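See below for the structure under consideration.
Which chain is which? They are A, B, C and D, in the order written, and residues in each are numbered from 1.
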Amino acid sequence: MRRGVRPAGPGEITYASYLRLGDILSAQKPESARLGVEAHDEMLFIVVHQTYELWFRQILHELDRVQDDLASEPVEDSHLARVVHSLGRVREILKLGVAQVDVLETMTPQDFLDFRGLLSTSSGFQSLQFRLIETRLGLESSRRLLFEGKPVDADFSEPERAALREAERRPSLRDQLEAWLMRTPFVTGEAYAFREAYREAVVAMLKRDRQTAEAHGETEEAAAIAEAARAFAAIFDPRSHGEWTMDPRSVEAALFITVYRDRPVCHMPHALLAALMDIDEAMALWRHRHALLVERTIGLRPGTGGSSGQDYLARTARQHRVFPDLFRLSTYLIPRADLPPIPPRIERRMGFVYAAEGG
Amino acid sequence: MRRGVRPAGPGEITYASYLRLGDILSAQKPESARLGVEAHDEMLFIVVHQTYELWFRQILHELDRVQDDLASEPVEDSHLARVVHSLGRVREILKLGVAQVDVLETMTPQDFLDFRGLLSTSSGFQSLQFRLIETRLGLESSRRLLFEGKPVDADFSEPERAALREAERRPSLRDQLEAWLMRTPFVTGEAYAFREAYREAVVAMLKRDRQTAEAHGETEEAAAIAEAARAFAAIFDPRSHGEWTMDPRSVEAALFITVYRDRPVCHMPHALLAALMDIDEAMALWRHRHALLVERTIGLRPGTGGSSGQDYLARTARQHRVFPDLFRLSTYLIPRADLPPIPPRIERRMGFVYAAEGG
Amino acid sequence: MRRGVRPAGPGEITYASYLRLGDILSAQKPESARLGVEAHDEMLFIVVHQTYELWFRQILHELDRVQDDLASEPVEDSHLARVVHSLGRVREILKLGVAQVDVLETMTPQDFLDFRGLLSTSSGFQSLQFRLIETRLGLESSRRLLFEGKPVDADFSEPERAALREAERRPSLRDQLEAWLMRTPFVTGEAYAFREAYREAVVAMLKRDRQTAEAHGETEEAAAIAEAARAFAAIFDPRSHGEWTMDPRSVEAALFITVYRDRPVCHMPHALLAALMDIDEAMALWRHRHALLVERTIGLRPGTGGSSGQDYLARTARQHRVFPDLFRLSTYLIPRADLPPIPPRIERRMGFVYAAEGG
Amino acid sequence: MRRGVRPAGPGEITYASYLRLGDILSAQKPESARLGVEAHDEMLFIVVHQTYELWFRQILHELDRVQDDLASEPVEDSHLARVVHSLGRVREILKLGVAQVDVLETMTPQDFLDFRGLLSTSSGFQSLQFRLIETRLGLESSRRLLFEGKPVDADFSEPERAALREAERRPSLRDQLEAWLMRTPFVTGEAYAFREAYREAVVAMLKRDRQTAEAHGETEEAAAIAEAARAFAAIFDPRSHGEWTMDPRSVEAALFITVYRDRPVCHMPHALLAALMDIDEAMALWRHRHALLVERTIGLRPGTGGSSGQDYLARTARQHRVFPDLFRLSTYLIPRADLPPIPPRIERRMGFVYAAEGG
């Protein structure tokens, strides 16, 4: 309730001095104004991109803490909640970023033409902060699509490229997720192997379903079940791990957390997985909307189905995903009634101390 | 991954039969069409209200499970996550309800006049489901504002009134929250009284702040601190409990959960409190937007500052709040550095079994 | 302000009777309830789809009036504003439809599995109303992508297929747009050919730019200008009209409206073109979001990059566009300063009578 | 399609140099960092406010052109569309500003306490740009509510106060609207007095309604009609103009535009009135959401129903409205069927030249 007493400082801060509004509000320098050309909408173009960059700054600030917290082994239980909280904030920022396109879309193609020629080769693809976010989430440079045949950092300055390389050297959030999942208690252990229990449950379920299908003469259904059995087999066989990007043990742990999400010990881990999917999805939506905006404002390259920018964005929406394994997990879920039971001694360890003590 | 095999039924269901689209899509009966008057926008008016009612149905469905789960004593830890999940869904529905006003606002006042006279005394204030939601959340009928001098159910049919009375007889979500909070472990107990510890921390903090203020000759600040001390004293004194609507023990438990939210045992309880505030806030926003819509579409009553509907809605936004205590709690928080430490034996009981076992 | 006096009727209508809440709120029949299976989220699944269908109903209602208004020759100036207004409402509904995915996404894959197997072959792809909207906007059945190798209406009942064929027989909104554009005054006429004037302006602009580029030794830029010149030539040559879907005269009229949008006579036509692009874009966004939702909830087909539903939706987002020509126009705009002047006698006819009279 | 050739400059601009990212991204200076206190969320607090200020800058940029365009007499028809376009952009920015609260709300009260005491007297109420927006829209300083008994500019620096006074000296958008409405052609003129025609239509309608009501013995209805007649009389009587803030002639013109909005000459004027209402409403919603946010994050002042900030914001949402007359107009509309016909010679002048010529 109280603001506390502020330590004595060199002078009272005001709203304007605290926010450095002098710097912030004098940083809009339209090229059109410099060159004496009339282009009312260049201000909007600048302000929209500056707000995006401020939000990127905030996302990187959240990733700083998230990655620090996930770097400790083990991750402290009391830190997991704030990791989830920070990622939830990142998702809200990304949703706002998608909504912000509504404002930029009030700039018509004709209005953009008033100053588009003045921008030279400057382009949103040169946003270092956005590339850093992608990299720190886990988009390896080897997976990045080329833009007009060149790597996206082709137009970066040397200090910018160095910053990107430095980010690539450090473990990404995806790397940290994988390592953290591998350390998940319960999944494997001397006395309980979740993988085996789940595999048996799947086999039993598919066998029962196939028999039911055959009994009803549903041959198409029976064939589908056989195909499903083969697909399931692959996730339990580390050698045929082709379509997963994470280690099989991490995939198993994520599966465990997903199917037993209602146990207290899985609450925050499940929220963490959901938050990462939210972020991956929000990034994809942002790329889709951005591609549509580019198509609308700049048009399509004559004779092709897209402009280079529009086309690149649409392809990154499909291929620059960071957590595809988490989405793919849905494919391997089975109905609740068919889930394998957890051994009681494991179940007990998934709850709270106070509950175990009968509190 | 597999759809499972559906038990044999009387016939294949289709999209249209499953959703009862025959009933749903033939339920738009504009009065204007019946009377041969042209009023294009009456369809919109009907569809908007029907979708609202469908969403209200879903909210009541969520409240069914939430209230069942909270009715058990103690509430099972494994149920708390789904309570929070359901309330999160209710919040998303309410946010959609606010956004939906964008669609209704495309109806201009002149277009509304085309059929407004045909609606007789029929009014959105007669939505039974909305009243049930309010009641089940915890809005007691004694606290309801009168609408044009009459209780809101004045125009209800007898069966509708009976349904509302039945809902009022049962414990509301607010009642359940209060009872659940009172049962929170840790807050009181033979060996640890959170109330005392927090009170001492507050007293120490305020004393230090006042001395600092006096040392700097800041008399205004010192006076403010003295006022804060009196306010704090009130929350620890059950006799002067005037401005709280919940029992002091529930308030203390909510305070405990809020300040120690990072401990595992508080994760879901804290998420529950946040979800209830989200809902209270979303309802208030919906009322505000609705009031502005009414003002815009119907106008203001001549000679007054509002129409009866607009004015009523604006007042309910302020006074039909259900969880004011949770908002008020913010007033009584103190900086993290000043929080009282938790005794180690209590701290340990706020974690997981696996962690306590050194897992 | 006054409601008017309602003609005497057979009995007072109430909120519930007016909205047919009896029918609407008893139309949720979960298969899980019928079969005695517990599946809390099936209610959400039903309600979400029913609200979508109600909104589709409203969109079709708007298209009814829009298409009636556009069917008259010439379209009355006083009707054009309400055509734009109706299309703006459709856009708001589609935006709400995109936002509504937020609610459906609160259903996790595991919760969906509780009843997914009970839905048989029933699927959202069987929404007749959605197919009617696509058809009436202008998606010809010949351009529709196949779903799992079959046309989308493969699972439709015969009456549903008949309704779809009937819709296909009538002129679509896209057909009407094309015809209306061809009738645009000013574009061609004995005394003014916009096409020639624009072509000359483009040629002059490109020549000047090329000379500047060459003077600065910018050979890459000069080559790009030469390519641009070829592309521009194509839009003015009816024989090489490959990438446009509309008649060249319609394209020219749309270009005319776009570049002279500030003249009074172009205000509403320009708003109409913008509204159609908004709708096309909102449909694409909805398909993208839907594809991501399906991927998240159902997962991807083992061994492929997508499930059949997810993949189909993602492809329709790219290929089921209705007004690509309007987006493509942006490619052929030139800066305002290079636009050809309008002859004064034409300019005068693009304003209001009162202004021409000096009012 | 072409970018044009950029005039030779002192060096290539890049994305980072164009957007002044060096200045923008180094302007986040948390007090907590300076004082060595840990307060993760202070960055969010700063970034949120900086983005708001950037958007305020953009709104002021739009108001610059809007007010320039409206300052000419008469306003050029070709400028009206861009006035409406700019105001539509302002509305989108304000909607984004409301949505942005979602991000700020991820900061919990406890997290705010980490640095709240360090902010000294700095407060969002000191935003000069926001006060300028209010003033330029038309909120006179005499109508501003006091904040804690002081005018809102009490904490402003002298240059800031001077800027505000300068803005107050110039005609506001509301002043310009009023003047522009007074100049509306058609409303009065030697040969057509809209006021008289509308008054007669109202009198005839009410007389007919009252007779119908009396014939059916509906005395309550008849009394309501009599009250309506008195209210209507007031708007036609300049002497009893108490509840309007604009000149009676402006009110009449706004009424004329509203009821004849489908005539071409009223299209843009009607869109202008709607855009102004959108802005007034969006500002009110932003204030409401802001008040709820403050209540949630800071709490309520002990012993009162609000904190000073929360309470002030809630009151401004009601009382700092700029275009109440436009909302009030709805009260005085009558059904389309009762509207007075426009004399043919006036009707003709409300269309386009090309149409008048039989084009």
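By definition in this document, contacts are C-beta pairs under 8 Å (C-beta built on N, C-alpha and C of every residue); 3 or more make two chains touch, one makes a residue touch a chain.
Quick caveat: nothing in here was measured; it's all calculated off a predicted structure.
Asks: Please work out which of A-C and B-C is bridged by more C-beta pairs in contact, and write that pair.
Replies: Greater number of contacting C-beta pairs: B-C.
Asks: With chain centres defined as mean CA positions, report which chain is farthest from chain D.
Replies: A
Asks: How many Å are there between the centre of chain B and the centre of chain C, using C-alpha atoms for each centre?
Replies: Roughly 38 Å, centre to centre.
Asks: CA centre of chain A versus CA centre of chain C: separation in Å?
Replies: Centres of chain A and chain C (C-alpha means) sit 30 Å apart.
Asks: Among the residues of chain A, which ones contact at least 2 other chains?
Replies: 1-2, 4-5, 117, 228, 231, 261, 299, 302, 330-335
Asks: Testing understanding: with touching defined as stated, what is the shape of the graph linking the protein chains, line, ring, star, complete or other?
Replies: Topology of the interface graph: complete, with all chain pairs in contact.
Asks: Contact residues on chain C for chain A in the complex?
Replies: That would be residues 108-110, 113-114, 117, 227-228, 230-231, 234, 243, 258-259, 261, 277, 281, 284-285, 288-289, 292, 295-303, 307, 314, 317-318, 327-336 of chain C.
Asks: Within their complex, state which residues of chain B touch chain C.
Replies: 1-7, 9, 12-21, 23-29, 31, 35, 40, 43-44, 46-47, 49-51, 53-55, 57-58, 61, 65, 85, 88-89, 92-93, 95-96, 99-100, 102-103, 106, 116-129, 155, 157, 160, 299, 302
Asks: Give the list of chain C residues in touch with chain D in this complex.
Replies: Going through chain C, the ones touching chain D are 1-2, 4-5, 8, 77-79, 81-82, 185-186, 205-206, 209, 212-213, 216, 218, 221, 224-225, 228, 231-232, 261-265, 267-268, 270, 330-335, 348-357, 359.
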